[in-house]
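In the part that follows, the structures are each spelled out as structure tokens.
Heads up, the next two complexes both have chain A, just with different partners, chain B and then chain C.
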Partner chain A sequence: MTRRAFLPVLVVVGALACVPLVVHSDVVLNFLVTALLLTLAGQGWNLLGGYGGQYSFGHAAFFGTGAYATAILQTRYGLNAWPAFTFGIAAGAGVGAAIGALTFPSGLRGSYFALVTLAFAEVLRILASVAPVTGAGVGILVKLDPGIHALQFSSRAASYWFILSLVAAALVVNRLIEGSRFGAWLVAVREGEAAAQALGVDPTRVKLTAMTASAALTAAAGCFYVQYFLFIDAPIAYGPWISVEALLASIIGGVGTVFGPLLGALMVKTLGEAAKLVTGDAPGLDLMLYGIVLIVVVWIAPRGVAGIGERCRAWFARGSLGAGDTAA
Partner chain B sequence: MQLSILFPAVVNGILNGALYALIAFGLTLVYGVLHIINFAHGTLLTAALFAAFFLYRSLGLDPYVALLLLTPAFFLIGYALQRFVIGPVSRGSDSNILLVTLGLAVIIENGLLFAFRGDTRTVDLPYSFAVVPFAGLFISVPRLVGFAGAVVVALLLWLLLTLTDTGKAIRAVAKEKLGAQLSGIDVAHIYALTFGLGTACVAVAACLLIPTYYVNPHVGNAFVLIAFTTVVLGGMGSILGALIGGLFVGLVESVCGLYLGESLGQIGIFTMFILVLLLRPSGLLGARA
Partner chain C sequence: MTSPILAVENLSKRFGGLYAVREASLTVEAGSITAVIGPNGAGKTTLFALIAGFEKPDHGRILYENADITGESAHRLARRGIARTFQIVQPFAGLSVLENIAVGAHLHVAQRAAALEAAAEVAKRLGLEKVLNQPAATLTLAGRKRLELARALATSPKLLLLDEVLAGLNPSEIRDMLPVIRSIRERGVTILMIEHVMQAVMSLAEQVDVLVEGRVVARGTPAEVAVNPQVIEAYLGHGAAARLAGGAHA
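Moving on to the complex of A and B:
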């Protein structure tokens, strides 16, 4: 893995980091923060779904666990926000490892895996909506206490830089995994589990590791949600919306690519905002558009927007070499 | 004392379970033939419930009469969805089918939310609360009709699959797609036909459900995992399995609800679902796929 492989990450993160220096509008920054939040959740999904080929429909289980752990540790046990945030990520990773340990050894994959992850998220949602520790139906409010010590930022720009640093870390992790032996195993498992096993790869262990890391990233998004909005309840934490959006961002952006979730999240959020601008605040319309885009992407660009970019690059490269364009 | 509480719960659970079975028939049929999990199944149920609701509200059409109209209509909708959307878009890839049906579910649910808002609606029929006495209990008439409906639909589906040429073709495609194609069966047509049948089952379920139930854009979600549980329990692709699975799921929900409280009743279902998937993915009755 050469240092050059990290150049695109550095350029993109550097460019994004400059945005608050130019744009001062709270509305725009808020939009970007929510898009980056979704990016982080999507990066988690992409690690397991994109590279590993295990399509989860229940990443809300990790998002929600991270969010609740952060909120509960602060409000009920008086823990400082920084360790609470860290424990939140660990709790999400733990839930990921537990679900993985239950499902992968029994050979659940494809639609069955999607179904069982969905069921786990639903069980957690129902439990969270009745258990006293999660505030049952009322939810949890985190006390407003702006300042770096409580991980609450008074300016939107600071929040933006914080979530951007998390996204940047996830981008680096993704890049490292792509170039590592583990990444090659993961892709091998996606492309053919039996073949990978025949070559000495342990598919269950590879998938389990990927799921734990994937859950940790999505849980981090949940932790940030709590620190940013200072509120969490069962429909937000474990509701199907985050499972669907995390999946959408990766698929639309380009499944199994480093920048896919970022591209996808920006597109999905832009689309949602555009829909709201056109029709006013009509419930359902943004999600309806997401659904249409999802089908169109699966139909026309199975490798997502990043895939289109690659195809264009390949086309130009061929053109410049004068190799002709007989290939379809 | 114990028994006097338990018995009504058991009867109620079985009556509910019949409707779960009815919803699960479509899912299991589609899985058995196309080998796909249709994530849009629950939202198609929501759409059918809305259709039944508006037929009653605007035209005064009784849901049991609307059944005769909605069943063929939803058959056509299902046929068209598979033939013109799911089939061509997914190009036969499993993960694509998963995503396309998920996309359809998101579109239908939020389209309904956009059109009708989140309000919960009910129909007031003269027989909504009619009861008949049975073994010291009062049994709701619409629920009893629903039970009978589920049994009749199961019987009709079984007859269709075993006695008719179309049924034979469906079974042939389910068993060996390529072989069926080689013997002149139009696989794309059979796929769409099966999907249409599955969607028609949902319309029947909606018409039987609406007299005692409510409708809002999210109502189908509650049934999605229940229907999946039913199908997994009964063995993917088995009509009889779905019937027995449905009754069992209804029973478990009702008894769990009795002991754990209404909102936790569903936990019993999901736990059962996860356990069955982990321990015996081929279902309690199903043969290994």
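Moving on to the complex of A and C:
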């Protein structure tokens, strides 16, 4: 793995880090924070779904577990936010490993895997909406206590830098995986499980590892959600919205690419806001517009925004090759 | 005679009420090329799946390097040195040729750069060096068969199971492939192959096992097997051997 492979990550993160120095509008920064939050959740989804080909419809299970663990440990057990945040990530990873261990060894894949993950998230949502420990229907409010010691930031810029550093870490993790043996195995499992197995790859173990790491990233997004909004309840934590947006961001941006979730999250969020602006106060109309634009985007770029660039490159490369080179 | 690298003993596999493989036994000598032939539906591919760990046998056992490997999963067997190709080629379509082969190389090489280097080396041996960076999906069938072979070879196997690597190739492509297979054996890899192309079996294999309805009905050198009455009957129907013999006398 060469250092050059990390150059694009450095450039993009560096550019994003400069934004609060130029833009001071709280509205814009808030928008960017939520986009980066979605990016992080999407990066988790992309690791398992994009690289590993295991399309989960239930990443809310990890997002919510991270969020609840962080909130409960702070409010009920008086734990400091830093260890609570770390435990939240670990708890999400644990749920990921558990769901993976229940589904992968029995050979669940494709739409069955998607449905089972959705079911797990829904079960957790229902449990969270009745269990006393999660605050049942009321939810949990985290006490306002701004300062770095409590991982709460009174300025939007500081929050922005905090979530950006998490996204940056996830970008680096993705890049590292891409250039590793594990990454090669993960993609091989996506492209053909039997063929991968014939080459010595243990598909169950590879998928399980990917699911655990994937859950950890999405859980981190949940932990951040709590620290930013200081509130969590069952529909937010385990609701289908985050599962759908996490996979949407990855698919729109480009599955199985390092920058896909970032591009996708920015697009999805921009689209949502733009639709609201255009349609004004008419309820539901923005969602319709949003849906139509999504369909068009997927139609034009089935491999995502990152895929468009790749396709152009491949097209130019093919143009410059001789016809003899295409035959084996 | 050297000791066999692979010994299959009374292997049976049933799907529902139908025996795909029935009490089949065969041995493969280390360093040899052994062919399994038989009419369509004889159970050849199932036999391969059993040996390579993709199916578990109902009865019988499989010995590899004198160790009982019956029922061991495919990825473990790959680590032991058993590699296979698939009759219906299964390239990782979204990856480049080089990346495809590198997955095989990663079995024993952890580092990415080293695996890519090893993969390029194998690709060169199989004449794939010009298409290294093409997506596997753009290869012709002949190219895909070579890729299938290259990937398996990249795992540095001791025993290579080839499931009809010549099927679907035209005569000139087959002619190009024969020396490739021979050179693999010359590097010390034992080969067990399923093959319908008799020209290839005749010129490559030292021993041929004939599988009919899940059983091994004949075994010998290609020349011996070709005149075996049971084999002729299996391919051409009941009484064919006698008619052929009668025709020869008349």
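As a working rule, the second predicted complex is superposed on the first by the 294 of 328 C-alpha atoms of A that agree within 3 Å, B and C clash if a C-alpha of one lies under 4 Å from a C-alpha of the other, contacts with A are read in each partner's own complex, and residues count from 1 in each chain.
The definition used in the following text is that a contact is a pair of C-beta atoms (placed from the backbone, for glycine too) under 8 Å apart; a residue touches a chain by one contact, two chains touch by 3 or more.
All figures in this text were calculated on a predicted structure; none of them were measured in a lab.
Of the two partner chains, neither chain B nor chain C is touched by A:R4. Contacts of A:A188 after superposition on the shared chain: chain C is touched, whereas chain B is not.
Of the two partner chains, chain C is the only one touched by A:G179; chain B is not.
Put simply, more of the residues of chain A are touched by B, taking chain B and chain C as the two choices.
Residue contacts after overlaying the shared chain place A:K143 against neither chain B nor chain C. In the overlay built on the shared chain, the residue A:A196 is in contact with chain C alone; chain B does not reach it. Put simply, chain A touches chain C in their complex at residues 1, 179-181, 184-185, 187-188, 190-192, 194-203, 314, 325-328. Touching chain B in their complex are the following residues of chain A: 53, 55, 57, 102-103, 106-108, 110-112, 114-116, 118-120, 122-123, 126-127, 129-130, 240, 244, 247, 251, 282-288, 290-292, 294-295, 298-299, 302. Interface of chain C with chain A (complex): residues 52, 54, 73-75, 78-79, 83-84, 86, 90-95, 99, 102-104, 106-107, 109-113, 115, 128, 130-131, 134-135, 138-140, 142-144, 146-147, 151-152, 154-155. Listing the residues of chain B that touch chain A in their complex gives 36-37, 39, 85, 88-90, 94-96, 98-100, 102-107, 109-114, 117-118, 217, 221, 225, 228, 232, 261, 263-264, 266-267, 270-271, 273-274, 277-279, 281.
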